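Letters are used for the chains, namely A, B, C, D and E, taken in the order the chains are written, and counting of residues starts over at 1 for each.
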Amino acid sequence: MMLGRVVGEVWATRKNPRIEGRKALLVAVLGQDGEKRTPTGEVVVAFDSIGARIGHTVAVAWGSGARAVFAAPDNRWTLVDAAVARIVDAVLVEKDGKEVEERED
Amino acid sequence: MMLGRVVGEVWATRKNPRIEGRKALLVAVLGQDGEKRTPTGEVVVAFDSIGARIGHTVAVAWGSGARAVFAAPDNRWTLVDAAVARIVDAVLVEKDGKEVEERED
Amino acid sequence: MMLGRVVGEVWATRKNPRIEGRKALLVAVLGQDGEKRTPTGEVVVAFDSIGARIGHTVAVAWGSGARAVFAAPDNRWTLVDAAVARIVDAVLVEKDGKEVEERED
Amino acid sequence: MMLGRVVGEVWATRKNPRIEGRKALLVAVLGQDGEKRTPTGEVVVAFDSIGARIGHTVAVAWGSGARAVFAAPDNRWTLVDAAVARIVDAVLVEKDGKEVEERED
Amino acid sequence: MMLGRVVGEVWATRKNPRIEGRKALLVAVLGQDGEKRTPTGEVVVAFDSIGARIGHTVAVAWGSGARAVFAAPDNRWTLVDAAVARIVDAVLVEKDGKEVEERED
């Protein structure tokens, strides 16, 4: 999965009908700059499966793994290629040899 | 999906015959620079499924997800690897704690 | 597909035998810098299916889509992961509100 | 596989239930700068299969290869798209014409 | 395939058992800077199938194409996602309108 932050919601009236009724979220990809997680400048449009909203830090599954977020074996031909799989509450990191919990919200 | 803007249409007379009759669009990938969506410099050639034209902001599905845009189970061996899946009308973002609709056209 | 320019041909005597007899082309990936298509610095090694030569602008299919360029259902286990699918004659772009044809050769 | 260093553990209470009970590790991707392996700034969230911990250098499998880390044929629809497949003890490199072992820990 | 140069060999005692007995090579990805092929800074860990060693220029297959390097239909669930498929002897390029052979070793 990639780590990202939800920065928007993408609206479209003209769209391929293979995944109706799912919110398409605009997610800014996060990278690591020293000890900080910061946006890399990349974005991805991911379908939501768990009620993510603007401002949430999320883990986004991609490829056939993303399809599995919604999937049953018979939806093989859905066009899902990126899906929000987790809303991140915190990241446990190590600082000065100790494990520290960094809250996200 | 990736977010992009249609910047051209790719013409080819010598081509593999596995997807005839589809427009191949040149799509500039968009990233996020602070609060702005701007081109990253990358491009992708994506098949059109919904009438997208130069200037449109679009969401492009990739990988096996892209194939599904055109797909029926029997077209497994088509060479589609990127497909325009949505024409984006607007992106809903948050500014100063309020949700704001940014129109695309 | 990605857009690229053929810059070389890769020769190998020691190679996995699963795709004999195909030319392996070295393709410089193109990006978009303002209105120009310029090399991004990335390269990919793609199998040729249509007679592409050094200097040609091409569209390269990747992943399982690439396999489909050569494919019949029984070649599932071929190692093709990138294939030249189109030789680009021209790109139609918009300039000052008018559609303009930019020739490639 | 990509090479990376485990920098954290991602906690989530709201998550898709398709892979319960696995630790989701935050892995900083490593690149090569001359003779040094250094972080590229990218991160990936990968499921652990072998007891990796913060500070470990690891090899991460991705795509359908990642699913295979946990997989049996019937878990095709799991959402795993990146998995820690190896904890790296050392990298053998060449310096001044001699093979040298660089320990990781 | 991507083009790369073998810069090391990755050793691991704790690893997923799904591909025993294969060497895991550290490959620096090559890009194109003008007429030169130079490292991009990215690395990939690829399984060897043909006896590649440190210093070799190689073509690396990825994704399901990589699995095919070792594959028989029944190894679908192996975790291979990148495999050395060719050892490159030379690259044929064009200089001043003439085809020139650049040796690799």
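One rule holds for everything that comes next: a residue touches a chain if its C-beta (ideal position, glycine included) is under 8 Å from a C-beta of that chain, and two chains touch if they have at least 3 such contacts.
Predicted model only: the values in this text are computed from it and were never measured.
Engineer: By the touch criterion stated at the start, how many steps lie between subunit D and subunit E on the shortest route?
Structural biologist: 1
Engineer: Since subunit B and subunit E share one sequence, what rotation angle in degrees maps the C-alpha trace of one onto the other, as a multiple of 5?
Structural biologist: To map subunit B onto subunit E, rotate by about 145 degrees.
Engineer: Which whole number of Å gives the spacing of the CA centres of subunit C and subunit D?
Structural biologist: The computed centroid separation for subunit C versus subunit D comes out at 30 Å.
Engineer: Could you please state the distance in Å, as a whole number, between where the Cα atoms of subunit B are centred and where those of subunit C are centred?
Structural biologist: Measuring from centre to centre gives 19 Å for this pair.
Engineer: Where in subunit C do residues touch two or more other chains at once?
Structural biologist: Where subunit C meets two or more other chains at a single residue, that happens at 63-64, 66-67.
Engineer: Once you've mapped the touching chain pairs, tell me: line, ring, star, complete or other?
Structural biologist: ring
Engineer: Could you give me the chain order round the ring, subunit B to subunit C and onward?
Structural biologist: Starting at subunit B and heading to subunit C first, the ring runs B, C, E, D, A.
Engineer: List the residues on subunit A that touch subunit D in their complex, please.
Structural biologist: 1-3, 30-33, 37, 40, 49-51, 59, 61-69, 71-73, 83, 85-94, 99, 101
Engineer: Please give the residue numbers of subunit E that touch subunit D in the complex, ascending.
Structural biologist: 7-16, 18, 24, 26, 28, 39, 41-46, 54-55, 63-64, 66-67, 76-82
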